[in-house]
Structures are given as structure tokens and as C-alpha cells.
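So that we are looking at the same thing, I have put the structure below in C-alpha cells.
Here the chain labels run A, B, C, D, E and F in written order, and each chain numbers its own residues starting at 1.
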Amino acid sequence: MKLIIAIIQPYKLEEVKKELYKAEVNLMTVSEVLGHGRQKGVTEVYRGVKETGNLLRKIRLEIAVNDDFVKKTVDAIISGARTGETGDGKIFVLDLPECIRIRTGETGKEAIG
Amino acid sequence: MKLIIAIIQPYKLEEVKKELYKAEVNLMTVSEVLGHGRQKGVTEVYRGVKETGNLLRKIRLEIAVNDDFVKKTVDAIISGARTGETGDGKIFVLDLPECIRIRTGETGKEAIG
Amino acid sequence: MKLIIAIIQPYKLEEVKKELYKAEVNLMTVSEVLGHGRQKGVTEVYRGVKETGNLLRKIRLEIAVNDDFVKKTVDAIISGARTGETGDGKIFVLDLPECIRIRTGETGKEAIG
Amino acid sequence: MINSGDTAFVLFSAALVLLMTPGLAFFYGGMVRRKNVLGVLMQCFIIMCVLSLQWVLFGYSLAFSPGNSFIGSLDWIGLKSVGLEPYADYAATIPHQAFMIFQAMFAVITPALIIGAFAERMKFSAFLLVTILWATFVYDPIAHMVWGVGGWMRNFGALDFAGGTVVHINAGVAALVSAVFLGKRLNVGHAVPPHNLPFTVLGAGLLWFGWFGFNAGSALGANGIAVNAFVVTNTAAAAAGITWAVIDWLKNGKPTMFGTITGAVAGLVAITPAAGFVGVIPAILIGIGVSCICFVMVTAVKIKFGYDDSLDAFGVHGIGGIFGALATGLFANKLINPAGADGLFLGNPKLFLIQTGAVLVTIVYSLIVTVTIFKVVDFFVGLRVEEKEELIGLDLSQHKEAAYTVLE
Amino acid sequence: MINSGDTAFVLFSAALVLLMTPGLAFFYGGMVRRKNVLGVLMQCFIIMCVLSLQWVLFGYSLAFSPGNSFIGSLDWIGLKSVGLEPYADYAATIPHQAFMIFQAMFAVITPALIIGAFAERMKFSAFLLVTILWATFVYDPIAHMVWGVGGWMRNFGALDFAGGTVVHINAGVAALVSAVFLGKRLNVGHAVPPHNLPFTVLGAGLLWFGWFGFNAGSALGANGIAVNAFVVTNTAAAAAGITWAVIDWLKNGKPTMFGTITGAVAGLVAITPAAGFVGVIPAILIGIGVSCICFVMVTAVKIKFGYDDSLDAFGVHGIGGIFGALATGLFANKLINPAGADGLFLGNPKLFLIQTGAVLVTIVYSLIVTVTIFKVVDFFVGLRVEEKEELIGLDLSQHKEAAYTVLE
Amino acid sequence: MINSGDTAFVLFSAALVLLMTPGLAFFYGGMVRRKNVLGVLMQCFIIMCVLSLQWVLFGYSLAFSPGNSFIGSLDWIGLKSVGLEPYADYAATIPHQAFMIFQAMFAVITPALIIGAFAERMKFSAFLLVTILWATFVYDPIAHMVWGVGGWMRNFGALDFAGGTVVHINAGVAALVSAVFLGKRLNVGHAVPPHNLPFTVLGAGLLWFGWFGFNAGSALGANGIAVNAFVVTNTAAAAAGITWAVIDWLKNGKPTMFGTITGAVAGLVAITPAAGFVGVIPAILIGIGVSCICFVMVTAVKIKFGYDDSLDAFGVHGIGGIFGALATGLFANKLINPAGADGLFLGNPKLFLIQTGAVLVTIVYSLIVTVTIFKVVDFFVGLRVEEKEELIGLDLSQHKEAAYTVLE
């Protein structure tokens, strides 16, 4: 099993979710983070003074999947999140040795889906 | 060492914490996330129109433990978080090759606790 | 590749960022979390009644790096975050088998930086 | 002769009505998604600025100076001849400028109401143009026809105590037009959860408070009519608030905060034209009625027809205003206000016909001119932000600001 | 004869008092946990609606129409005979309905104060029933006894300028009863950090502002007594605010924002019955005194006895009201208000005894009837939400809404 | 003779001005980083308490009792001789205490304005000391000189309708001093994004609303001058708000919410001294002018000189006040107010010189005494919090509280 962590643009969340559903990936955990990457921040203006924030709002997805779903999931994220501009984000894939469903106590493959 | 990530119902946090303390697991990192799972969202009503949100508030726990604590920790989380209804959440267990305590520079087993 | 997760004091974020830039680590993802550790909470007072919160605000950094950057990164975090008092936080280092840049589809070493 | 009590009353009423625009900003601002809240606040606030100026420069003259029966003259531009002596045709006991500034606040809030319909997707520059044109070519003439010396609806006998037609129907129709013109927001289902419902409640509280100035102040003196308007305003808001809560309870299982304040605001809208002409029992009936109708509008009609009136500016203000204007024709009572007329239920069907006529004329006029304005502005500037700007949100894309920080 | 200055004054005072209920909603709403904020706002707002109606339908009649010495008659239901002419027994210079609507705002805020005691755990339906019964069987009779023509406490010589007994003691006692009846919230330690302390500060600011209408407005005219009430209101709030800050500083190492506003509100409560009868130095002493006593109540007595008065409705309003009513018996001064009486410190122990009597009677009456009401409602509907509903929070479980969104 | 209309007017004006301090608290509080918001709210609120007391105890006496030409006497301490009869030298138609409490609100908000300059880094104890000393040794004497019977600037013919010199220049200069004394905040670049911009907008809305009390109330009666002040206040705010938006648009690509409200507040500041003396066209010019100047101050001058006026208390209030006081010397018009004087543009250069003189004297006086106060307090208590306290934030370090919770 793998744990996939993706950092995407906030305004791409809806599209990524749509693509994931298409790929039959329905389970995920989402949070709001700030990212520092290659993307230059939007210039914001406060009382006439420009400020180029270097921590930008991003969405972090955490998705645990079985091995045969990894590619599908990664592809779905990419096709939902890509604009071709810097800031599109990254996907990290980690090994996931164990997974447990709290409700039933199931583990492993059964638990993940 | 293992890094345990648990997604639980927000209103179960207090109980999970209690169970963890009982199991002598005192260190943890907590954050608020949104989860998409099997659980159907509560139906909310805004200006008379029903809305079934599909991202529900959850609590994410991150707990690094030594190998001999893994079972204890998982069991504690389960006994605190289980209601038997969908939405109870998941536990993910990752390998944790290294851990460092910033204050002292200690590493590994010493650092984790 | 490694995924480095660091929990630090919120008020140390600026310094940690400075140290990381010095070490040429520019990419990172930041979020706000609550931590339960050895540190005793500040005593807060609400309507004359004291409350020692046990979940304290912390910052969580997530940094994916190539193997040869691990030590640099860890050292930079430590030198930015250490005060010597409990609460300074922890660094967790996980294996990162794969990393993908959404924008280009690059993977592995190329994608990480 | 200037009366200090009346002057104090009208000035504070004006201050209360001014406060309604920030109130509306929060009422609306709480409802939108977090990335668009400044967009809404900014539109409300800039209207306070732009319309305040438009009004003293030429708006007041167009609306209230004696002109023909459709529009005023330019004799009072820059407040020429609008001094500190009373102008008895409007108010005999307060300085003329007190009347002018009280009316200014109405001119400010009316276009602000429309914002609710096109929230979260309109270009700021287009919004600004539309606002100025609309104030000049829709609001000012309608105000003149209904309230101005020589205005034909005024002479015709139409009753509009505090702005049912001029303010609410007028703005409501423009709202519908704008929702249709701009099309639906992207990625938006039926209900968009308010990003900060307490802000919306705060806004509703300030609106209720300010509405006392709006309605009671329209008596233009601290007299019995003002007291009556004050009392029925409070009563109608209360009745409408409960009514919505009850409908929610019956239909959706629980009474909601958002529903209750929506109802209260609908009640305030509906009592506006009637406030100086009806008593407390009709006020209750008006409150109950308006919540029922608006509930149907925003939960069924809007969805059926598929226009995206984001924050229900038409569904609450337009419909509430129409209902209130007609209800005035039903319940008006000369015992309350001898300067008014009796309504249908007191045996005078004529008033009801007049009210219906006034409503229709306002709708038609507002519709035609608003459509024209939108067409022109669309042609020259374009109405809607780019898709990416909309997804990112108006705060960053139109104003280069974020409403909230994430860390400390 | 209607005086426009007095009428303007009373109408705006009524508007200010109306604003106190949203103010209270934010004062309380900021203090609760995030999942319960709409629960509190909704209770406050629905009270604005329900009590506004109750009052015009029959509440005002029960409280103020000439009846017997305990309660009014039903002669004025639906505001029958309550017109736009003055009713000299209450206020000779303003329309009768102006007096009525000013009093309406008091009838609204009083039950809203009680919310603080049962916040975060009461069933909405039960809350609604309790509120209506309590307004009718506790508030209206007490208001009649203290303020109504023929009311026995009024005839007895008890002084309650703006509602120390009628509003604060009355509500405070009910608050204590409700806290005891409902039991402790789940998973709650001694201090629950406010989820949004700035909201609480906003509420405190609006309360302070509105309280000028509450106290000065109770003079029912823009006269010297009103000015005096205004001045001492501000002074007592200030003195009490500082006092709490100082106590915090001494006892807990730092002055706190939450403490300071708690003190200020306690000061406003305590000066309420005295505002028309005392000067500025007594106001300072009252402010200092009330903060000391309330501090002990909420930090020691409450914890000692273990009842869960969530937001200290009893600890601040009940105790503050008792203290203020007694202090009126100490400091009242005929030089300030010839229609009042001299207090103990001016050599008239009788007033102090009368005040003590009035306090005791109010406590006993409110206690007995409130207990009965809670028993009845508990029996028929149940008072407390289910455990799971409480853990999830009232916003979702009672109103199917969330106050804030998490993403954009 | 007491006039009820005037009394109602002044009392409500006082209430509106009181509300400005919570308004300012939110205006400032929204701007700071999340960890410091209570620090700002607390400073504003404690000033409401401390200055309200200082004023009734001795401040009013120092400022307004007949003393010498620099300062009042101690004859009116504890409001001795300040009763409910009019004091004709100040206001002949309202109780003396009404004038006193109206002025109290000015004494409250003036030191609160300074907070903007030292926000996010000042020790609470030092702040408290500075505030009390400053109110006593700077505000009270300046108020006496400008407005007090016998005050030399008053006799000299300087015009300051509602506090341009006394309030804004005075506070602005003190703000600059405090920014320089305290030094820069740690880890702060040029622009610090407001943690909650809607709070700042709310504050701006309340300030605009309250400013009607501030400026129109300064007529001390519900008369023509009051109406004029009300109208030009609204107009100048509007003109300045738009101006800033336009400058932002031209210079930075987009109009901003933060800029627009900054401009509006600058406009309110600048019109303050002129409100009773100029008409609506000068008001527009004043609004346009002040936004241009303040824009340059906060975007260029401040950065050039490198002082850290955190929230631009000097840049907006100080500079806006100076500009307004001088503009009064240009535009004042006896047709508006016969008790005033004609300005330079009406052919009377003398007034402009007098105004310039008054501005300079105020600056010099405020500068010298404020520097002394800061030196003394620095010596005895230290002005700035520890580095770690500053990094953690004032909320936790100075008040042991957090403004918001993170979970439920």
C-alpha cells in the first residue's frame, strides 16, 4: 500500500476531486497548508505598499491506496491539477506498511478502500 | 520506529486523548483536516436549501512511537474513537527511520519519547 | 529521497526559514498544528480562572529532499529552532520512494528540487 | 421653522441608514466564500464613497429638485440652493440639507443591495460603471417620480413610505437582470455555505438597527408617524423571522440561523413601503406573508429557473419589496396616517390598483434601463472576471489582498 | 403634549437597546466553543423575534396595563388603546407607543441574558418553550409589580431606575436555576477558552453603547435625569472594568481582555437600578464594588458549588443586579432626582430596607416560577440535547449549519 | 434654557463617539498579526475605562474649568459644580454634564489613536503609564488652550471645530514619538498583511458612523451648523476613500479595500477641524488632498525615514489633522458659520496664519511633553516587551489569553 501526499493549487481542488472520482478514488483527507516553492507569490498590496508573500496557500491531499491504484491516482491528480505554470505542486508517494479501519478493526487492503 | 497517522471524528478527540494517556502515549501532534470517506455528510441547510457537504471535519493525529508501542497506540486510538458508524476513520502506520529531538539533538529511540 | 517532517515553535518559523535558505533548501510546505509534548502549556486566564491548555500551537514543516540534503536540512532546522527549552520540537525523517512534479511530470531527483 | 427635536431625529436617522451599508456588507460578506469576502465589502464600501459624491454633485438635483414629472432639473447641482433653511415641500421643520443627507443614505444603500445578485464573479471596473450609470439613470428618476415634487407617481397617489418601490423593487429587478446577464458562478451547487455566518448575523443585527432610521426617519420628524413606523418595523421583522424559522423547521427538520435572519430582513423589506400607513396587526401579517413567499422564491423558483442570484438580492429584496408595496394597497389605514389612504381591506380597491400600477411601472422601467446599462457596459468593458480569476477569488484577483492570514 | 426632543430621544434609546441583543449575542457567542456559536446567536435572535411579538400581542398588556397590584389586565392586547397619544402615567411627552416599544426592547433582552447559563447544551425546542413561559409568567408580572401603574413594589417605594430587579436579578436567578437543572457540560474543565474573543469584545462594545439607551432612555425624556444616568453609566462601567483588570493583575499576574470587559459589563449591570438616583462618586464605588464581588462569584463560588453557569449569567447579571439594587438603597440622593429618595448613606435606612425587600421578593418569585417552568418543560420535552449532539455541537445538531467553512 | 432636542442630540452624539473607540479597536485590531489582536483591543478598551475616570475625576477640570490661558483649575474635580444646569460659556441649551460627557469621549479616543504607532511591541504597564501622563499633561492642556474658556489659542482666533489640533495632530505627533522611541518590530518587512481585514472594515464602518457624532455633535445642538458638519463629514470621507482607491489603482494595478478605508478615515480626520466652517465643495477638495498626502506619507516617507509607525497613526491621523487644520485656514467661510472666519481663499490670509501658528504650537508642545513622558516611563519601567514576548505575541505574553481557538 502507498500513502500519496499531493500539494496542489487551492483553486484546482474541485477539478482534482472530479478526476479522482472518475478514477474511482473516493477516499481522501484534505487540509490547508502554505507552500514555499518556485512559484513567485502574487504581489499583494497593503496600504499602498507591495508585499510579495513567500508562503502561498495550497491544498494538501493525503490518499492511502493499494499498490495497483497508485498510478491511477497520480494520473488523476496530475490531470486535475496541472496548468503548466509553476506552483502546480508536487506529489509524494510513501510506503504504507499498515492501515487499519477504526470502525471494524479491518487491516491492510480491506481497510484502505 | 513508526509514525502513526490517525484520522478520527472531531468529537472523539477528548476520548482518544484519554485512552492514549492511559496507554502512556503522551506525545502527539494534532491538526484539523477535512475528510472524504464512506460517511455521508450531515445534511446542512442554508437558506432553506439542503447541502450535503462531502468534505467533513476530521481530526488528524500524528504520533511517532517506538515499535513496541505501536500496538498499544493503535488499540488506544481505536478504543477511544470507535462508535461503529461509518466515519470513525482510519489509522495509517508508516516506517520512521529517524527521529531527532531539536532541543537536545538526541536521535532515534531516545528522541521519540 | 527523504521526507522530513519538523514540528517547531511558531515563533521560530522565521529563523528556521532563514537557516533553510542559507542551506539552499527553498522548497517546503508549512501548516499550523497543535502539539502535545513535554512542554507545559502557558497558563492562560479566562475570566479570572486559570487554564493550562495541553495542546499548544506549533508549526509543522514538510520538506522533501534528496539524500545528500538530509543532514543539511536537519541541521538548518535545528539551528533555527533550538532554544534549549522543552517545546523546541522534533524532526521526523521518512523514506520517500517517489516524487512527482505536477507541472512537468518529472519524477524522482529532478522533481524534488 | 427648524425644530431641534426633528432635526436631531433626522440626522441620527441618516447616521443609522449610513450604518446599514456596512451592515449589508457584513450580511453579504459573511455569505460568500472566504476568497471573495473583500470583493463584497469593497463593493459596498466604494458605493458609500461614490454615491455620496454623486448625490451631492448631481444625484440629489436629478431626484429631488423640481423638474418635470419624470426627473428633476440640474438646478441643485453641487447643492446649489440646498441650504440650511427648511424646504417645506419636503420637510418643513428641518434644514434642507438634513433632508438631502438623509436621502443620500438611501441612494447609497440601494445599489449596494444589488451586489448580492452578482457577487463572486463581477469585474470591479464593470461593477463601478454599472453602479454609477444605474444610480443616475434608474435610481434618480424613479426617486423623482415617486417622491419628488411633481413626480407623477407621487401625484398619482402611489404610497411608498420609505422606499419599497424606489429602493427594494428597483434594486431587486436590477439584481435579477445582473444575475441573468452574468450567468452562474463556477463550481457552485445549490447552496454555498457562508464562510462566516456570524458576520452575516452581525450584518443582520446592524440592518435591523439601521432600519429604524430608514423607516421611522422617513417620517422626517420625531412624531406619531415616526413612532408608528418604528413599531411596525420591529414587529414585521420579528414576525417574518419566526415564520422563516418555522418553515425551515417543518420542511428541513430544524430552524436555522441563516433562515431566521433571512426572514427578518425580508420582513424589514416588506414593511418599508407600508411603515407609515399600517398598524401592528397588518405588520404581523405582512411579516408572515413575505417570509412564505421569499422562502418559495429562493428554494424553489430560483432553482427551477436556474439563474444564480448568489445571495438572493432579487429573491428577498425584489420579491419582498413587491409584496410590501402591494400589501400597502391592502392594509393602508387613514386612522394611522391621515395623509395616506385607505387600502383594499378598508374598502378602497383604488389604492390597490394604484400600488399595482406603481409596482409594474417600476419593474418595467428598472428592467429596461438596467438591461441597457448592462449591455453597454458588457460591450465596452466586459462584465465577468476571467475564469481563473474567479477560481482564485475576487480578493486576490480584483484587489490584490487577502482577507485573513493563515499563520499568526 | 408630545415633545419632539423627548420622542426622538426615546425612539433612539429603543433602537440602542434593540442593538444590545445582537451585542449580547456576540458577547456570549464569542465565548463558547466554535461548534456552538450559532446555537447562541440563534437563541438571541429568535428571542428578538418571539418576544417582540409576544410583547405587542399580550406581554405589554400584562406588564403595563392598569390591572391589579401583581399583574396587568388583558385590556391592551394587540395594542388595543395603545396609541400615538401620550399616556401620562408612564410618560407625558411622548406617544404611548414610543414608551411601549422602548419597554419591548427590555422584554427582549431580559430572557436573552439567561442564555449564558445554559449555553452549549440546551435543546432548542425546550429553550423556546421556557423562554415564552418565562417571559409571560416571570418577566411580565415582575415588570408590572415594579413599574406598572398599581404595581405593589412601585407603590411600596422600591427604586429601580432601569431594571436592576426586573431585568438583571430576574434573569440572573433564572440563569442559576437553569444551570442547576441542566447540569454540567460534557468534557469541560474550569475555564473554556472563548473561540473568538474579539467577538466577545465587539459584543461588549455594543453593550456599552446600547446601555446608554437602556439607562439614559429610562428617563423617558432628554432631560437632566437622562444626562445624569448617561454619565454615571459610563463612569460605573469604567470603574468596574479597571477594577477587574487590577484584580486579574494582582491575582493572576496579568490584566486580561476578557476580565476587563466582564468587569465593565458587571459595572453596567450594577449601575442600572441606580442610574437615575446617584451621582458620579457613588457610581465609581458601585463599579469597584461589583467587580470585586463578581470576581469572587465566578472564580471561587461557582467552582466551589460546582454548578455550570457556562457564561456567568448568574455570576455577573444576577449578582451584579442584586448588588446594584442594594447599592441604590445606600447611595440614592434626592438632590440628583427629587422623584427618588435618599439612601442609607444620606440617613434614610428605610430605603435600604425597601430595596432589600424588593430584591428578596424578586428572587423568591423568580426562583419559584422558574423552577416550575423548567420542571414542566423538562417533563414534556426534555431540557438537554443528547450526548452525541452536545459533542458534535449545537450548530450542526440543532440548526444543521456550520458557522465557518474550513477551505476558501 | 435646556432644549430637549439639543440634549437628545448631544447625548446621542456622545454615545456615537463612545462607539468610535471599539470601532478603532477593530480598525487597528484587524490590522495586526493574529497573536497581537487582543493586545490592541485591550489597550483601546482600558483607555475607555481609565480615561472615563480620569475625566470625571480631574481631567475635565484641567481642560475646561476657567483657569489661566494654558490650563484649567482644579475647581471642578470630581465634577464639583458641574451639574445638570447649562453652562452657557460652552453650551447654553444642554445640561453642563451633557457637554462634559460629550467631551469625555474625545478625551477617550485621542490617546487610543496613538496605539496604532506602537502596536505589537509595547509593554502594557508602560502603555498605561504613558497614557495617563499623556492625557493629563498633553491632552488636557491643549484642549484647554484651544477650546477652554480663557484658552489662548481660542482667544487667538484659531478654528478647530471638532478636534483637528486637539485630537488628531496631538495624537499624531505622540504617535511619531512613540514609533521612534520603541524602534522597529522584529521580523517585520514593509507591509504586514492584516490578520483579519474584515475586522478593519468593520472598524472603519463604525468610525464613519461614530464620526457623525464627533463632528455634527460638536455643534452642541441640533441646528444648521450640525447639519452642515454632518454633510461635509460624509462628503469628505467619500472623496478621500475614492481618491485612495484611484491612487492604488493607478500605482499598484488594483484598488484595494484596505486603501479605500484608509482614505476614508484620512478624510474624516481632515474634515474634523473644518466641519463647521466649510461647505461641500471644499469638503471634496479636502478629501482628495488628504488622501494624496497620506498616501505619500505611508508608502514613501515612512519607508524612507524608516520609523515603524505600525498602523500609521502618525501617517494618517497626524498628517491628516495637520492638513485639515491648514485647510480650514484656506476654505473657512463665514456664510457657513458666522461665528467662524473667512479663510485665505475668501481673501483672509490672517486665518491661515493663525491656523499655521496653532498647528505649530500644538506640534511643538505635544512633541516636547510626549518625549519627556516617554523618557521618564522608559527610565522607570522600560517601554518595550522582551524579544521573546514580542515573538510569541502580546496576547499571550501581556494578557495570558489567546484571541482564537484552533479546534472547535
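Everything that follows uses one rule, which is that a residue touches a chain if its C-beta (ideal position, glycine included) is under 8 Å from a C-beta of that chain, and two chains touch if they have at least 3 such contacts.
Keep in mind that what you see is a predicted model, and the values were worked out from it rather than measured.
K.L.:
Check every other chain and keep only those touching both chain B and chain D; list them.
P.N.:
Common contact partners of chain B and chain D, which must touch each of the two, are A, C, E, F.
K.L.:
What chains, if any, are shared contacts of chain A and chain F?
P.N.:
Per touch definition, common to chain A and chain F: B, C, D, E.
K.L.:
Between A-F, C-F or A-E, which shows the same interface as B-D, counting it as a repeat when over half of the contact pairs match?
P.N.:
Selected from A-F, C-F or A-E as the counterpart of B-D: A-F.
K.L.:
Give me the rotation angle that lays the C-alpha atoms of chain D onto its copy chain F, rounded to the nearest 5 degrees.
P.N.:
Rotation angle between the two copies comes out at 120 degrees.
K.L.:
Determine which of the two chain pairs, A-E or C-F, is joined by the larger number of C-beta pairs in contact.
P.N.:
C-F
K.L.:
Residue numbers at the chain E-chain F interface: does the shared fraction exceed half, giving same, or fall under half, giving different?
P.N.:
Because under half of the interface numbers appear in both copies, chain F and chain E meet with different residues.
K.L.:
Could you tell me the distance, in whole angstrom, between the mean C-alpha positions of chain A and chain B?
P.N.:
Here the centre of chain B sits 19 Å away from the centre of chain A.
K.L.:
Nearest whole angstrom, what separates the Cα centre of chain B from the Cα centre of chain F?
P.N.:
One centre to the other, that is 51 Å.
K.L.:
Would you kindly tell me how far, in whole Å, the mean C-alpha position of chain E lies from that of chain C?
P.N.:
For chain C versus chain E, the centre distance works out to 49 Å.
K.L.:
Where in chain A do residues touch at least two different other chains?
P.N.:
Chain A, residues with two or more chain partners: 30-32, 34, 44-46, 55, 94-95.
K.L.:
Name the residues of chain F that each touch 2 or more other chains.
P.N.:
Where chain F meets two or more other chains at a single residue, that happens at 3-6, 8, 12, 193-194, 196, 202, 252-254, 256, 258, 393, 400-402, 406-408.
K.L.:
If you connect every pair of chains that touch, what shape comes out? Choose line, ring, star, complete or other.
P.N.:
Shape of the chain contacts: complete, all pairs touching.
K.L.:
Going by the contact rule set out above, which residues of chain D touch chain A in the complex?
P.N.:
187, 388, 391-393, 396, 400-402, 406-407
K.L.:
What residues of chain F sit close enough to touch chain A in their complex?
P.N.:
Interface residues on the chain F side: 189-194, 244, 247-248, 251-254, 256, 258-259, 262, 295, 298-299, 303, 312.
K.L.:
Would you mind writing out the residues of chain A in touch with chain D in their complex?
P.N.:
Residues 11-12, 14, 32, 34, 42-46, 55, 57.
K.L.:
Chain F touches which residues of chain B in the complex?
P.N.:
10, 13, 30, 32, 59
K.L.:
What residues of chain A sit close enough to touch chain F in their complex?
P.N.:
Per the touch definition, chain A meets chain F at residues 44-51, 53.
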